[in-house]
Amino acid sequence: MNEVMAIAGGTWSRILRMRAIYFLILCVLILIGSAYRYDVLSLGLHRILMIDVSLLLNTIAAILVAVSITFEIPKELREGVASTLLSKPLGRTHYLVGKLVGISVAGLVITGLIMIGFCLVFGSFFDRVGITMVQGHLLVMGSVIPMCAIGVFFSVFIPESLSAIVTAICIWFAHSVIALSNVPVVYAGILPDLNLFNLKAEAAYELGGIEWSYILVAILWGVAYSVFATSLASLIFSYKDLK
Amino acid sequence: MSNVIEINELTKYYGSLFWKKKTPALDRLTLLVPGGTVFGFLGPNGAGKTTTIKLLMDLIRPSSGQARILGEPPDSLDVKRQIGFLPDAPAFSSYLSAREFLVICAKLLRIPSATRRKRIDEVLDIVKMTNHAGSRLGGFSRGMLQRIGIAQAILNEPKLLILDEPLVGLDPHGRQELKDIIISQKKIGTDVFFSSHILSDVEKMCDSIGILNNGKLLCAGRIDQLLSATGVRLHVNPGCDNIAQDFLPMATGSIKLSDGGWELVFTTTLDLTSKLDKLRAERPGDISVSSSRENLEDFFFRKIESDRFVE
Amino acid sequence: MNKRLVVHVLVMVVSVGVSYWLGSGLLETQTGIAKSRSELSKAPMGGFNKFASDVQWMLFINYCGSINSVNEENVDEVYSRLDTILRNDPDFEKAYNIGAMMLAVQAPVRAAEILQRGANNPNLSSSWQIPFLAGYVLAHNVKESDDPQHLKKAEEMFRLAVRRSSPPERHVVSSLLRTKAKRIEKRGDAFGVKIANDKHAYLCAWYDEWRSSRATDELGGGGGPGTQIIGDVDARVLAAAQDAKNSAPDNKDVLKTVDTVISKVLANQHLCPSCLSRYNPGEKFCSHCGSEVAIYGTCKKCGAVLKGRFCTDCGHDSKNE
């Protein structure tokens, strides 16, 4: 566990030290706030628009964080950083899990900051922040874990530029499961069904009815799926020759 | 003393799962590295030195054969706790400071947090990088990275230090310091296995060497034993080409000198000795004979050259 | 090596099993939360259907601002844009209301189809405007709006609107009954009599509604639970009866229906037999038409109008009368 946390700590500290991240979060909050000005163009639907924009931007932030790992792992493999670390008493699985934990924590912090920022912005424009909106954002945060696992999976055997593209496409289609298939044996099992984290419309309309247990189980699904993806990645990685 | 490294019929073909190169990078390598030594692993570029080291560090998987370090297979985490490794081109996370990187290494090595800081200070002092402890690794020169590489390799006070081309990229001063570090590690009982191109340094530091070419081990053993095989050096004066022509087939090495004379080197045999005695008696003014002890560089080139002829 | 493979495969199998199990349960729960998800566009939108819909909505508003009116040239474009918005967000109530009404004149069938989609969306089950507009378009804008099938659909939509609005808006109720009356008129008979005119049909519609509210639906008009929320049914039935009688005072079928309605619905009320207006206790003639009416509410002893149990003129106790 110590080893995993050592790798994870290095990863999340790298991301969270980047000043550009906080600048981007600020830009995201400005964009969310600017949705208020669309009251005329949307015929008075700016409240819904603001919630929807916040969920959209938070999801994009989560996807970007997940995609960033597809640059980091292949880069470390290419430059030999991974070899240096793996020459220490660190299993390859530990390395991947450490990377997954690190990037997931960074993703959770970033999406969490966006959620808090959104609540502040929304609260300053409207009277109250509904619980359904927060639940929508929590689901987006929960989706960070399986998305990062997908990123880790592809990054162990696909070159860095290609793995970013493949990961982004995979995440996109995993969010579009409803358009592709309703076979739960394949989706949500072997292939990821990130649509399980998508209750954006329901959150935007503040329909309510999202149980806390649903969010919890969705996060558990994300963790279970991440175990599967990381395990498969680790198996492939264990046969890989390192630079 | 038992062997710290045992390599048995180790073979490595590079390539993907579905396609392998026809020529092995390492061809049934068998090597024993005894404990209590500084072992120099030599070979030209592409000989398979780095491949061997990576196999020992479990960074790549062998196609066949096996290796053991300190009696354990290379993927054993217990073994990795007892060894230090410096890769050929040390690369570290550029966003970390030297100290932060060493802290991560110390955590991986399970150095207790109580002594972690002290040990990191010690190794930074050893590699003379204390003043740069807080600087980002991304801004370090090759030589500085090499020093940090050494620092992380000796952080856990290893029983065995495996260094891949440790002298590359260092200025003469840095090389001297690194040699001092290696010697000091030897003094405190650490076995050292390192590959290098710089033969003069290897000759000075190593007790044993192994020479690898085209993935095959040409020879291995104690350096004093390998180089003690004395030979004979025959100097033929200019204008005596006929003498040189007579002896050339028996020579293990020959050079035509700029003044027109020849320098021939032979491995001593009874037949050769009698022939030279006869020649010395007949034409004492045309030749001079002296005994020769090869230096490592000569030995290395002779071995590589003879391997080329065999092929 | 083999041990590593076995451990990895084992972990993968277990984790796939767990994620499949959890995923199946989540899908089921999600279907309950996101009820309209099956209506979503099948285009791979990456889960951003709602945002796509918002953007398309604003573009739609922009586009609508750029055209003078919806005509033959742009009706397809308007429909296409609206359909895309609603395929990406089937819960977009405003788009149903505004968009469909824009199409109502030029493409009423499409407008009605869109509105019916919205009316059947479980997430919009609290909206009475959508089914009302659907009914309105079906009853008034569709060319074949006299077609009984269209009328039946329109009636269903109006009834949905009545059920959803609480208390029901007066014009919604009126639209429901008028559509029902139109259907009865088209059929030509009700309650065993021939329909004389639209007012007669309207009375039949109200009478049927009254019966439906008592779980009797002889016309099969789709009454039943829910229609009880229409308040003041008696007064409306009465007004309809008055209109019907006035429109055809000599028609036997109308009179028969009026009699039936009065005997069933307004049995306890004191109505002028001629104009069906209510009259007050003690009155001998109708204040509206002057016809003689049966006196009620007077003291049997002195003939004074009773204000309570005891006569205020003679003190007679009317309890046992």
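For clarity, chains are labelled A, B and C in written order, and residue numbers in each chain start from 1.
Just so we're on the same page, a contact is a pair of C-beta atoms (placed from the backbone, for glycine too) under 8 Å apart; a residue touches a chain by one contact, two chains touch by 3 or more.
The structure presented is a predicted model; accordingly, all values stated were derived computationally and were not measured.
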(request) Would you mind naming the chains that touch chain A and likewise touch chain C? (result) none
(message) I'd like the most central chain, judged by C-alpha centroids against the all-protein C-alpha centroid.
(response) A
(message) Suppose each chain is reduced to the average of its Cα coordinates; what separation in Å results between chain A and chain B?
(response) 47
(message) For chain B versus chain C, what separation do you get between their C-alpha means, in angstrom?
(response) 93
(message) Using the touch definition from the top, which residues of chain C touch two or more other chains?
(response) none
(message) Residue numbers of chain A touching chain C in their complex, please.
(response) 38, 41-45, 48-49, 52-53, 55-56, 59, 171-173, 175-176, 178-180, 184-185, 187-190, 193-196, 198-202, 204-205, 207, 209-211, 214, 217-218, 220-221, 224-225, 227-228, 231-232, 234-235, 238
(request) Write out the stretch or stretches of chain B touching chain A in their complex. (result) 14, 17, 54, 57-61, 77-78, 80-81, 83, 85, 87, 89-93, 95-96, 100, 104-105, 107-110, 149, 152
(request) Spell out the residues on chain C that touch chain A in their complex, using ranges where they run on. (result) 4-5, 8-9, 11-12, 15-16, 18-20, 22-27, 29-30, 32-34, 37, 40-51, 54, 57-58, 61-62, 89, 91, 94, 98, 123
(message) Which stretch or stretches of chain A touch chain B in the complex?
(response) 2-3, 5-7, 9-10, 14, 17, 76, 79-81, 83-91, 239, 241-242
